[in-house]
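Take a look at the following structure, please.
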Amino acid sequence: MGETITFIIFAAVAIAGAATMLMARNPVYSAVGLLSTMFAIAILYILLDAHLVAVVQVIIYAGAVMTLFLFVIMLIGVDRPGAYGERPLSQRIMTGVVAVGFFAALALAGRQAWVTGSSAFGAPDLNGTIETVADELFGTWTIVFLATVILLTIAALGTIALAYFDQDAEEEGAS
Amino acid sequence: MTVTVTWYLLLGAALFSMGVAGVMIRRNALIMFMSIELMLNSVNLTFVAISKDLGLIEGQVAALFVMVIAAAEVTIGLAIIVAIFRKKASANVDELAELKG
Amino acid sequence: MPVLTILILLPLVGALVVALLPTRRPELFHPVAIVASIPPLVVAGYLLWNFATGTPAFQFGEDVTFSGALDIGWRVAIDGISLFLIVLTALLFPLAIAASRSVTERVKTYMVLMLILEAGVLGVFISIDLLLFFAFFEIVLVPMYLLIRLWGSDNRAYASLKFVLFTAFGSAFLLASIIALAVITGDQVGLFTSFDFRNMLGTELSTTTQTWLFLGFGIAFAIKVPIFPFHTWLADAHTEAPTAGSVILAGVLLKMGTYGLLRFNLTLFPQASVDLSFWVALLGVIGIVYGAAVAIVQPDIKRLIAYSSVSHMGFIVLGLFAFTSQALQGSVFQMISHGLTTGALFLLIGMIYDRTHTRRIDDYGGLAAVMPVYAGIFLFSAFASAGLPGLSGFIGEFTILVGSYLTLPVLTIIAGSGVILAAIYLLWAYERVFTGPVTNPKLEGLADLGFREIAIMVPLVVLIVVLGVYPKPVMDRIEPSTNAILDRIEATTGFDVPEYGRSEDLPNLRYGDIERVESNEESGDHGGEG
Amino acid sequence: MTDYLWLLVALPLAGAVVNLFIGRRLGEKVAGWFGFGIVAAAFLIAFFAGVGFLGGDKLAETVLFFSWIPSVGADVAFLWDPLSVLLTLIVTGVGALIHLYSIGYMHGDARFPRFFAFLNLFIASMLILVLASNYALMFVGWELVGLSSYLLISFWFEKPSAAAAGKKAFIVNRIGDWGFLVALMIIFATFGTFDFQTIFAETPVLFGVGAGTITAITLLLFVGAAGKSAQIPLYIWLPDAMEGPTPVSALIHAATMVTAGVFMIARSAVLFDYAPTTAAIVAVVGAATALLAAVIAVAQTDIKKVLAYSTISQLGYMVLAVGVGAYSAGLFHLTTHAFFKALLFLGAGSVIHALAGEQDMRRMGGLRKVMPVTFITMGIAWLSIAGIIPFSGFWSKDEILAATFAKGGWWIGLWAIGIVVALITAFYMTRLFVMTFLGDSRAPEGVHPHESPATMTTPLIILAVFSAGIGGLNTPWQLVFEHYLEPAFAGVMHPAEAEFSTLFWLGAVALLVAVTGIVIAWRRYGRAELPAEDGSFWTNALGAFGVDDFYGRWIVAPGRRVAEWWASVFDPKVIDGGVHGIARLVTGSGDELRILQSGQVRWYASGVAIASVVLLVLFLILGGAF
Amino acid sequence: MQNVAFLPIAFEVVLLLGALIVLLVAVVAGKGRHIWGPIAGVTLAIASAIGFVQWREVADGGAGLFFSTMDVQIMRSPMVVLDGYSAFAALVLGLVGFFGLLAAWDLVVKVGRRGPEFVALVLLSVAGLHMMAATPNLVVIFLGLETASISFYVLAGFIRDDEASEESSLKYFLLGSLASALFVYGVALSFGATGGLSLYGANSIRDFFSSAIVAEPGILMAGLALMLVGLAFKVSAAPFHQWAPDVYQGAPSGAVGLMAAGVKVAGFAALGRIFVGGFVSQIDAWAPILAIIAALSMIVGTVMALVQTDLKRMLAYSGVAHAGYIMAALVAGVDGIPAMWFYVSTYAFMVIGAFAVVSVVSGPASSRAPLDDYRGLIKRAPEVGWLMTIIILGMSGIPFFAGFVGKLFSFISAASAQGLWPNGSNGYLWLVVVGTLTTVVGLAFYLRIISTMFSSGDHDDEPIEAGLPARFAIVISATVTVFFGIVPWLLLDVVRDALPL
């Protein structure tokens, strides 16, 4: 029962945060909204016994990603009037329709699942503790884990290539 | 009533749809990007919920990988946005429409 | 010896040779190209000489299957129908190239394209693999497009694109139909697909399928011919193309359409052909009258001849869909004859155009006094084209009309009026260009045809007379093939073909059988020729 | 002798080729005499090969050379029978004379050799026509004579009128040829062959008299004949054809080619026998033509035009004859006409030659003193055509009228027309003769008429002899000619015979009529100054009653308009318009789509989102989730 | 055994090492000197060689699934698959990378000190592309997808002083991430429906379908739909194509060829792997939709290309159309795989060649290539002009050029597929007709390109010099176009074995 309540509360928080992100005129508010959503989701992970994921969620997203976002927002500067002016009504309606349609489609898609879905979480009771996850991660998924190296290298390289300015690069670029 | 996986899936779906809406409606590149992050989060939620439901740890691992990927995406994305901001002093994507037709 | 492969290779080799000529020796390009276009003619002569008369079987066959499951292959062979079209092609190209003296810029490219074009056209006539046929049918567009686009006259951009799009539009349906047919055939012979003409002949098709496929094939060929409502590309293309282009277009390319109708529509979809014959023939007849009538009022001599082609090709179409021995033979003969006469006319127009650079009939007058030889040859060709007895044009039209009357009397009687109209537009044009006093001062003192030009015309003139006086050898080689097609139609449909003039029944061969196949199994080594 | 028949065609053809290509180098003399010699040789060959028929002991034979179009069973073969022999002799004989004449007449012309080349070509073509053993080959000759007549009419192509006349002749002939062509189709569809003898043998087997098929065939054949033999409504080309050199008019448009139609009907006698309807139509058309042409001839002032119309009129007689079924009579008139009309033309030519190209009779007159030979020979021809006994014209014309009369019933009406025509003929021929030769010279100043050279007068004399005497071949007393032709018309029912007394007074009437005509004309034109010939009749007749304009306005012009509309509206606007419309549609839709490609990221994102929703729905439907 | 276990991942490993070496050398030897260029070339050459070795290995029966460890307890689901499919992908991608780099060399030289990053990015992106083809695991496919995409985002924006480049980079990034998110959400849903992340192996998606009947198709279908969206976006199939023209135009000409070719190859590889390899049992559901997307792509791509005035955009749109033609092959399921490979591999070379020409004529860093720049090309650079003509003819689907054969095979597959819609009897013939017709319309703009090159312009007297690497790339591209157009079965016999496990 308590679980249910928690779920409802944090689900609501997540939705609300998302809504804030969606609506807020000030990007900072949007960022904060998203942040709260992420926290809420982290809580839900815990409800799902995915402890490690929850932790990582907090660390990476709340800790790193959103900080980065906020930093960039600050860097770019918040207050540029007009830049975030309201969309014309028509577009908002269209957006709403599409989003709702998307949701509705998914909901319908899962229709049977939603109803016939197993009463509670099914068989073997899964516990996303560090070791269970680690087992999997460094067992079955080792190669993939290693493969992420490529991705991260790219991320690093890309950032350098895009953001790292030095004088002669400028010249060449200009040439 | 107990919380079934269904609830989580619906929540995920809802969040994802809101992300979609965000991409469609927001004009600020950063917030569009945030919406995408939101979508990825909902994906993770879905993964984890399902892994719980089916008792398959893979779901959670997948979620972790998605996070990693998202992180990498963020760095690049922000780098691009910053780079553009350097020129146009704005993150308003509507002003980036000289390539068209 | 893979004669046909060699036949296709020779022009390509020639093209290569021309392409490799040093750029700083431009004076070489033209003569070398002429020389390079002779060997195919020799091979064609060889074919003509060694062609076995009196059998409908395909000859000089080669069969190299490339990919087993798809059953695509280098399958080439000729029968009495393709034989003469090959000879015609091999003959017209040297003449057309020789007549291209006036091409001064990008000569090398021009010559290379001409030779590639020749290879493509020859390929169309020898392929008995549908895919191969389509490939050649389509590749011809490219050099022709460039010839018109680069060496054409004022309105060339429009004309060339129009030419390509019209033709390719047809080919779209052709390709789709070929694929469909190949899939169906494949199912029936237990392969994934089969593009082998001989397999396709054995395919069982429902009447509806036949009709659809007939239309799919038909529209491509109808545009190429061109049959009435699809003819507008022709006037522009012929008019804008350089002389050689017009000659090849009218002389050979149009025949690809009628050839396709005869070789594929009639044999692969006999039931549909019989069902639709009246309507196709009707379009043909409309073409005869319409083309001739429009030709009468053309102010541009090239356009006039172009429209006359529409009219003449209409005769062929009528003959094809009358399903009588005479009409079919007549159609095939008319293909050759029209190639010669119209080729001659376009060559002549080119010669005068090189001198005066105008195609407007009004700019001429009294030319006969200035250039008597030219006038004589022109009048000769004009009468040949108008179907004057004793010249080749008559044989074709006469046999077509006489034969078609047996099954399509009314249409044929109307078609007969084309004879009158032909006389009108040709003689009226001749009157305005050649007779009367010399009005245009530019015309005074024009040089009459030189030796080179006369030498170009002589072969055509001689052939026109010879074929007109003694067509029998040609007919004897055409007849077995056309009769075999008729037998097939008779056998597969209820249609009974009038027996008049059908020679005694031929060696009992299924249509499409190949005699003297020279097949070598190692795959691939023949692929290069494509 | 028949082994050498191929020479009949080969020789003139060779002559044509030689004269065409190396004539210029041969020079005028050689070219001319060569051309003449060739034809003369042909005449001799024909004579010796055909002489056997005179005795009646020789039988018709077919000489096969080679198979021409196997699929329609058309061979290149000659049918050597009295009929073809007769025509061959006329063609080569008269032809030879006219070649001879031309040597003088064309003297000094720039394209002298080419003229003889064309003449030879004509002889060859005409011989193919008359010698053919099947309709297909006959059609070849049929068209080739059309070609050579085209070439010869527009021989002086610098004259636009000449060029136009040649074209007109060919095209009008082509209209007739179309009928011939369709007839050939039906013939092949009916008999499966073109061979005369097979067809004539099978006709009685397959059909009864008046069978529809035969009627159709014969009617269409007659369309062809009407074209060649200048019958209503296709006669309009012949007068214009006078633009050609006079020898051409004499040979082609008087003696030989124009009679091809008559010959062809005679050849197809069997078929026409089985189609009485056609025969009647033929007869009526013939009579009508004879009358109309005669009337028009009355008012002509150009000497050659008069002769042209008189030719048409005489052809009318012949057609009437074959229509009546009196084939031998028709052919007899054909023969006599060949001589006297050729003579008339050559005489006229000689006159024109003398007057330096003057053709208007109103500027002639008084030539009898300066050119006696021409005067006398033409006199004979005049009497002959006018139908004065004993000149040939009388006999042949009389025979036709008699045959017509003998048929009785409404045919009497045709006979009456014939008589009227005889009257008019006598009138206008006298008019011509008187205006040209009698009275005093009305020649313009500076023109000094003179007698023509021997090369021209010799043929005149020879022809005069024939015109005078040949009538004797076929008098009611002994029908040499008819008996000679009999084998050619084996299996053709004989025309009704009138008994001798009838024949006698019929002849008397004809003679009387002729004399009347002559007298009237003589009294009218025999005086010093010419009577004024204005007044609606004269002008209309002079203008041939505006038939040409009628055709022009009601047939040619509308045709042109339709063609123009097709060429300038239907092709570019309708067909190409449609095509361009499609093209515009495609590119237009492209431009529309470009608007979607706004460059707006959000817009693209929306596109992706919307599309995904659609895809979701589609998948759910196809996946059976709904 | 060990090397067999190594071989499947050798491709990625080598490329990673190569990238690191390049960076190292760049640091040590200084960025000015371009010695790292050859290193990268060698790496890619080796990579393709590995692809070849893998091919032989497969031919010798070495195909199979591979796990992270040999430890049997935790051999749950395979992470790597080695089969003809992946091997061929390795071969093609290696070559694409190699020639793409050659074509991009002028650009590399131009960006000067940032060259090493560029090259390294290229190498790594190729690795990422191959991951999409060489794994049975959907998450790993997503990983590869992102790896490649992210590096392409960077490549697109590599010219920093060009706003167009920046813009295309951002557009590509935002839309690409959106598509990725959709894709991975699809993965999640299909995971939920089937309980498997891996296509093959123990408790994999295939097992699921072979054992159970799908109780709740809804989620599965939604998953398929979203995965299709993601991949259709990557291969720029309509209606997910809109990014392509903008991005291709904005991105530096030198890099576009590589991006376009690579992403098409890998995208279709993944598409084939997932839908044909994994979800083939659902073909009745996805084939018709694939057909619709194919038809849309053909039409939209062709019609839009028709009205373009900029060669880069034109080629981008033609790329959309080509995506349609390739997709047409897949509606036939596994029968279509060879056709897909044939088409996509030859097309990859054509597109590299075409953009190489663009970068030669309009400059490697240019973001615009107005068609007028190509007037008189045949005079200014005859060699390049003629080769371009060949390539364009190849793309336009003229017989005796590879493009035609590709179209033919994919049409044959479509026609022989047992379609359920619009009616079951005659395969996807309607799709074939659409294909042939759009091919004809396409001729209009392909020929426009050609006739522009042949017609004379203002600068005819100024010859254009093509760098050696670029010229080599162009030559190879043209050669491939002609060679496989004339002797297609040489390639066809290969791709016939390049089937997913």
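A, B, C, D and E label the chains in the order they appear, each numbered from 1.
Keep this in mind: a residue touches a chain if its C-beta (ideal position, glycine included) is under 8 Å from a C-beta of that chain, and two chains touch if they have at least 3 such contacts.
Predicted model only: the values in this text are computed from it and were never measured.
Peer 1: Which interface, named by its two chains, has the most contact pairs?
Peer 2: So the pair of chains linked by the most contacts is A-B.
Peer 1: Which chain has the mean of its C-alpha atoms lying nearest to the mean of all protein C-alpha atoms shown?
Peer 2: Measuring from the global C-alpha mean, the nearest chain centre belongs to C.
Peer 1: Based only on mean CA positions, could you tell me how far chain B sits from chain D in angstrom?
Peer 2: Inter-chain centre distance comes to 96 Å.
Peer 1: I'd like the Å distance between the centres of chain B and chain E, where a centre is the mean of that chain's Cα atoms.
Peer 2: Their C-alpha centroids are separated by 25 Å.
Peer 1: Could you tell me the distance, in whole angstrom, between the mean C-alpha positions of chain B and chain C?
Peer 2: Going by mean C-alpha positions, chain B sits 64 Å from chain C.
Peer 1: Centre to centre, by mean C-alpha position, how many angstrom separate chain A and chain C?
Peer 2: About 69 Å, centre to centre.
Peer 1: Which parts of chain E, given as residue numbers and ranges, touch two or more other chains?
Peer 2: 76-77, 139, 143, 146, 150, 153-154, 157, 160, 169-171, 174, 178, 182, 189, 192, 216, 218, 221-222, 245-246
Peer 1: Which residues of chain B are in contact with two or more other chains?
Peer 2: 9, 16, 19-20, 23-27, 29, 32-33, 53-54, 56, 58, 61, 65, 69, 72, 76, 80-81, 83, 93, 96-101
Peer 1: In chain A, which residues are in touch with two or more of the other chains?
Peer 2: Expected reply: 94-95, 98-99, 102, 105-106, 108-113, 135-136, 140-141, 144, 148, 151, 154-155, 158, 162.
Peer 1: Touching pairs of chains, all of them, please.
Peer 2: In this structure, the chains touch in these pairs: A-B, A-D, A-E, B-D, B-E, C-D, C-E, D-E.
Peer 1: Where on chain D does chain C make contact in their complex?
Peer 2: Residues 66-73, 136, 139-140, 142-144, 147, 150, 154, 157-160, 162-164, 167, 170-171, 174-175, 177-178, 181-182, 184-186, 188-189, 192, 559-560, 562-564, 566-568, 571-572, 575-576, 579 of chain D touch chain C in their complex.
Peer 1: Enumerate the contact residues on chain A facing chain B in the complex.
Peer 2: Residues 3-4, 7, 11, 14-15, 18-19, 21-22, 27, 30-31, 34, 37-38, 41, 44-45, 47-50, 52-53, 56-57, 60-61, 64-65, 68-69, 72-73, 75-76, 80, 83-85, 87, 91-92, 94-96, 98-100, 102-103, 106-107, 110, 113-114, 117-126, 128, 132-133, 135-137, 140-141, 144, 148, 151-152, 154-156, 158-159, 162-163.
Peer 1: In their shared complex, at which residues does chain A touch chain D?
Peer 2: Residues of chain A touching chain D: 94-95, 98-99, 101-102, 105-106, 108-109, 111-112.
Peer 1: Which of the residues in chain D end up touching chain B in this complex?
Peer 2: Touching chain B: residues 594, 597-602, 605-606, 609 of chain D.
Peer 1: Flag every residue of chain E that touches chain C in the complex, lowest number first.
Peer 2: Within the complex, chain E touches chain C at residues 335, 393, 398-400, 404, 408-409, 411-412, 415-416, 426-427, 429, 432-433, 436-437, 439-440, 443-444, 447, 450-451, 454, 486-490, 492-493, 496.
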